[in-house]
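Paired with subunit B in one complex and with subunit C in the other, subunit A is shared by the two complexes that follow.
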Partner chain A sequence: MPRPGFVLDVDRSTPPTLFWRGEGFSLERLPADRSRIIYPPEPLAGLDNLDGHIRDALLNPLDMDPLPELLKPDMKLTICFDDASLSLPKMQQPDNRQRIVEAVLDMAAEAGVDDVHIIAALGLHRRMHEYELRHVLGDRIVDAFLPKGFLYQHDAEDPDNITEIGHTDEGEVLEINKRAAESDLVVYANINQVAMDGGWKSLTTGLASYRCLSEHHNPASLQNTRSLMDRHHSALHKSIWRMGELLRDSGPTVFQVETTINTEAFPSPFEFLAKREWEWTARDRGLFLASSKSLNKLPNRTKRKLFHKIEAPYRTTSVQAGFTATVHERTLENVYQQHLVEVDGQTDILTMGIPFISPYNPESIMNPILVMCMGLGYLFNMYRGKPLVKEGGVVIMTHPTYEEFHPVHHPSYIDFFDEVLADTNDPAVMSTKWEKKYAEDEWYRHLYRTSYAYHGVHPFYAWYWGAHGQQHAGKVIIVGGYAATVRKLGFTPASTMNDALEIASDTVGRSPTISHLHVPGVLVADVK
Partner chain B sequence: MKALQIRRNIARFGAARVVGAVSPSGATKVGPLEYRTIEDPERPGDGWHRVRTRLAGICGSDLSLIGGRASTYFESWVSFPFVPGHEVVGELVDGDEAGTRVVLEPVLGHAARDFPLPFDGARPADGDDYAHLAVTSQDGVEPAIQTGFCCSTGGGWAPWFWAHESQLHRLNLPINDLPDERAVLIEPFAGGIHAALLAAPIVEGRANPVVAVLGAGTMGLAAIAGLRRYIPDIRIVVGARYPHQRELALAFGADVVVTATELDRAVRREVGCHMLGGGESGALSSGADVTIDAVGSSRSIADSLRITRPRGRVVLLGMPAHVELDLTGLWHREIDLKGAYTYGTETLSDGTVTDTFHLAIDTVTAVEAERLLSATYSLDEHLDAIDHAATAGRRGAIKIAFDLRESN
Partner chain C sequence: MAGRTSHQYIRRGQRPDGAHRSIHVAQRAASMVEGAVRTAARPLARYGFPYRRPTAPKHVVVPRKPNGLGDTYDTEWARQPLARSLRGVIIEGPMRLAVRTIASPRVSGLDRLTDLLRVDNPRPVIFAPNHHSHIDTGVMIRSIPASWRHELVVAAAADYFFDARWKAALSALALNAIPIDRGATSRATFDRLRDVIADGNSLIIYPEGGRSPDGWGQDFKGGAAYLSTRTSAPIIPVHIDGTGEIFGKGANRLSPGRTAVLFGTPLLAAEGENTRRFNERIEAAVARLGDETLTDWWTATRNAASGRSPKLSGPDHNSWRRQWRLGEKRRGSTAGIRRRRIRRWPDLG
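Up next is the complex of A and B:
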């Protein structure tokens, strides 16, 4: 029986705590008697016979007819799937999306459906490399569909293949991929790693245009998203749900398939990362020392290669299919079961280690903007109720924050860093002054459509993702980061955790209370 | 008198070249520059004035020569032994005008060599035949492109030298209004402004023209100031290596200032074109209408060619010497590669005909150019002075000069 998450009050006997530092990690000792470490629940047990569960979900969907009854020989069927931003790290093969798509294709074949398109729901993310498609969908699907042009990636900048569905009651435009819009049935294959994902968000962002996404991917929405992991208190999700209702009423029939996975993210020899430190064995300690020392000697490029090679031995904890809204409520229950940890009250400081990966750098570099996005966007938002840190408190992250960018994946990030951050780090100001220029830049558009680049506007979205955290925190400190880069982000550099706590004392006094969000492991703090 | 002098000594030039690759000050010690007692140069003839040096700047071309890196091209255009120093503010010594401050326009032009002027009112560097620079004049002035490379006239790195009437700009303003520290920058500013004016025909009539400047030492900054003052309605994008250079570039009128390695992206952002090779090569599909290369290295010229639009212009302001270049881009983009050596008669966009030194005198005052003068040294401190000038960028400096006011 996996143990639930819990909150450890740090005392003098507490061993040092693990912090990610990009492509490495460190052990930090937090002050006794006023620090607490929030540990995620242990991984839930996975489903046996996952293919059977998937088939069962397709045959017994929620609030919809069984999938075979929706499949007709002369119909247009479109199957969409989450892109390479999920899961993190990538899951060992066969990926859940492969299992779902294969099951759907089997049923479609039985029903005599021969007009089938499979679309990667990229939104404004970079296109997937073929090897990524093969990893996610398996060789059989890729070999059957890719050469014939029936497996492809959504292009948000192809005006001929975008269809306007209509406007929500609040005037938000919904426009999605034309093939999906004109299909008799759209099946969406999802992996749900955190509560933010899935539901109407899958299709209304993954198949949307920039015009549509900008309705909710903006500073005002993100500053009123409290939090990204709690859709009922998220302005972003409320907008998306309005679009979902419009899609339900005016768009194609959508059959949503969602799977939840546990938190077994690291195989050997990195499994110690998810353990509680006082339970480390001598072997774990040896592995920590050996891996940290070896990593310190390796160039960044090699370290990245090594970490991005990791394939997570996740187990799937639930499968649900059917009407999107109903499916997603069931999904959220299952996700929260894995992630929720009850936490009593807020503290003056929140500490977090920033890992080597975020949803926007699979097989790529965690550039400075993504460090901000991961810290203030994702990890800060790992709460329900209220943030772990008090308003005006201090967020301390650990990351090298090197000024390195992947020129192919993140071309507009480079310019955003050089040009936009040189001018402002205020999301509202950059949105008004700079966003349009980047969104409409022909070169970025060309690279997004034909190469493997994130859309020109994407660094803005990554920055907006942290807008709530940026607004809430009185100060943000990065330990171990390149000072000039950290300052350009608008944060304060510190050499060590002790220095960071000293710097933080200007904001929160000499004896602040501290919460440490233990990563790896994924958790959502249910702050009472 | 005691002066800094360069003599023809192949061994010393070679030693300077070898040692200079490691240490600029080392190159000065073993190189051709010597602080020694020299014979006073004889007055070349009528129309020549003795000028007492007040301040004399150290230029990039001086450093190339001292470091043994100058091109052999100059073999026929210099006469040894010579006293360097062509960025000079001094004062007339003899006659009724004794004490009058002057700035030197150093080119030893037609008038200084008794050659007919190429046209009425021509300045020393005008004309399309440099024969007069390569021959000994009737007055016995030996070949040299300019004062500071001529054995007959002396140069600014000495207590005094000879200057022809055609080379002198009298400073009629009181010293408080045009201090020496500002005046010593008039010559390099004239060079920079001349390069800036070479952008005019290319940007004329273009919508949203962009001029890029690579390098923001003295010459780059002078070019930026010239662009801002004399080429209307352009966007100036500057790539500069050091923070203090970037601050000055902004102060002198640049619109966008970035580190040198970011210049390609900054130009792309201004122009809105593509960057080829998925963003990894840095070559642009279009680019700046004009790029002024104020560095003059293989790398900077190659970079300039990559960021200049087809049928645009690259102006070589920094003296290039030996470079190794792939010129395919120049050929393919039909780029005009334009040298910018000195100054002369200029026609502004409003049709005004003037000369570059007058523009430079106005400009140094407008931008308070004395802020570029970072340090001065006496002649006997020349090792430190040359070292400082050679490492100016990383030491937070711009222009280094010799100050002979006390010793004179």
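Up next is the complex of A and C:
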């Protein structure tokens, strides 16, 4: 029986706690009697016979007819799936998306459906490399569909293949992939790693255009999103749900398949990362010392290679299929069951270790903008109710924050860092002054469409993702980061955790209370 | 270049048919050794009984002592620690090298076995591949995931692999083979196989009962299905492509090439499903894998759904057309093709 998450009050006998530092980790001692560490729940048990559960979900969907009854020989069937931004780290094969798509295709074959297209729902993310497609969908599907052109990736900048569905009551435009819009049935295969994913967001962002995405991916929406992990209090999700309702009324029939996974993110020998420090065995301690010391000696490039090779032994905890909104409510219950930890009140300081990966750098570099996005965007938003830190409090992150960018994956990030951040780090200002220039830049558009680059506007979206955290925190300190890079982000550099706490005292006084978010695994603090 | 004689090729270490000079040297050495052994043994032939075994009078029936061969051969010793260690060395050493050199298998479909492999001690399973060649067993052993590979027994024909003591010992040691009587349904054979599965061993059994005589498959016998229903061990259908061209039945020399091994989704008998039906399902699964090997997964899935999967046993007509279709099938396959020498110049015509 997995133990639930809990809040540990730090005393003088509490061992130092683990902090990610990009492609490495360290142990930090937090001040006794005024610090608390929020530990995630242990991984829930996975489903046995997952293929059987998927088939069962397809045959007994929520608020829809069984999938075989929706499949007709002369229909247009489009199957969409989440891109490489899920799961993190990538899950061991076979990926859930492969299992779902194979199960759907088995039924489509029985029904005699010939016209099948499979589309990677990228949104404005970079295109997936073929080896990533093979990892996500498996060789069988890729070999059967890719050479014939029936497996491809969504292109948000292809005007001939984007269709306008209409406008919501609030005047937001909804544009999606033309093939999906014209299909008799769209099946969406999804992995829900966190509560933010899934639901109408899958289709209305994964298959949308820049014009459509900018309706909710903007500073105003993201500053009013409290939080990204609580869809009912998120302006972003409200906008997306309005689009979803428009899609339901005016678009194709959508059959959503969602799966939730547990938090078993690290295989041997990195299992100790998810353990509570006082339960580390001699082997765990030895592994920590060996890996952290050796990682410190390795060049960044080698460390990244090692970490991005990790395949997570995630187990699937639930599968639900059917009408998108109903399915997603059930999914959220299952996600929260894994992630939710009850926490009493806010503290003056929130500390967090930033890992080597975020949704926007699979097989790539965690550049400074993504450090901000991961810290203030994702980890800061891991709450329901109130943020873990008081308004005007301090957020302390640990990350080397090197000034490195992946030139193929993140070309516009480089210019954003040099040009836009030199001018402003206010999301509202950069949105009005710079966003259009990057979004419509022909070279970035070309790289997004033909190479493996994120869309030109993507660094803005990554920055907006942290807009709520940036607005809420009085000061952001990065421990162990390159000072010049950290300052350019608008944050304060510190060499050690003690220095950071000293610097924070200017803002929150000499005896601040501290919360530490223990990563990994993943948790959502239910702050009362 | 056109004027080069075969003599010139030989001097350069190559022959016009691509064979290497060293092979001919080895062949000549082997024939010299064989001649020397025959010459050394000749003096004994001059002497009769008691130097040689007595002949029996024609009208006397000599009672035959049980020789412990055939399906009565006891292979228990081959599962003892010493034999297991030796077999581990053979499988990871010479067998690995030989399979890679001779068959270069391309293994796929292992992701279908992930759910069975995820536990600490994977349950025993029954691998049911098609059968074209003696090298199928080596290819299978090397293709099976390591968790099962070292706890694996092979059901081998008692009349072929266990008819002489040296063959029986070699088969038991190297392959962990267990004799099965192909001629009759034997209770003893079933009990032996059931016991080894109960001991945690997985099994390779060729449901066709023997190698293909003509390149097409044969109808599946029900042994694998029966064992699975009685032991609850899942059947893993497997399709091996290309081994028939490398060393098919009747071949007297190896023609190294490429092979493809495709693992299918594990099967268990459904509630109330009898052995005959289950056996048909296993055969259909292997046939579908065969189709998948030659086409792609989606085409094979659609063919299976519409009942158009090509049969393993080939077309029903029974003349040259059957052989003709076999040629077509082989041309469509990427397996079994001999390695071609790398061309130094582009092929212009």
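Here, the second predicted complex is superposed on the first by the 528 of 528 C-alpha atoms of A that agree within 3 Å, B and C clash if a C-alpha of one lies under 4 Å from a C-alpha of the other, contacts with A are read in each partner's own complex, and residues count from 1 in each chain.
What we mean here is this: a contact is a pair of C-beta atoms (placed from the backbone, for glycine too) under 8 Å apart; a residue touches a chain by one contact, two chains touch by 3 or more.
Only a predicted model underlies this, so the values are computations on that prediction, with no experimental measurement involved.
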{"item": "Touched partner set for A:D415, first subunit B, second subunit C, both or neither", "value": "first"}
{"item": "First, second, both or neither for A:P407, with subunit B first and subunit C second", "value": "first"}
{"item": "More subunit A residues in contact - subunit B or subunit C", "value": "C"}
{"item": "Parts of subunit A lying in touch with subunit C, wherever the complex brings them together", "value": "48-51, 92-94, 98, 105-106, 109-110, 112, 116, 138-141, 143-145, 313"}
{"item": "Subunit C - residues contacting subunit A, complex", "value": "108-109, 111-112, 114-115, 118, 265, 292, 296-299, 301-302, 304-306"}
{"item": "Subunit A partner contacts - residues on subunit B that touch it in the complex", "value": "258, 262, 265-266, 268-269, 272-275, 278-280"}
{"item": "Subunit A to subunit B touching residues, read off their complex", "value": "407-408, 411, 414-415, 418-419, 441-443, 446-447, 451, 453"}
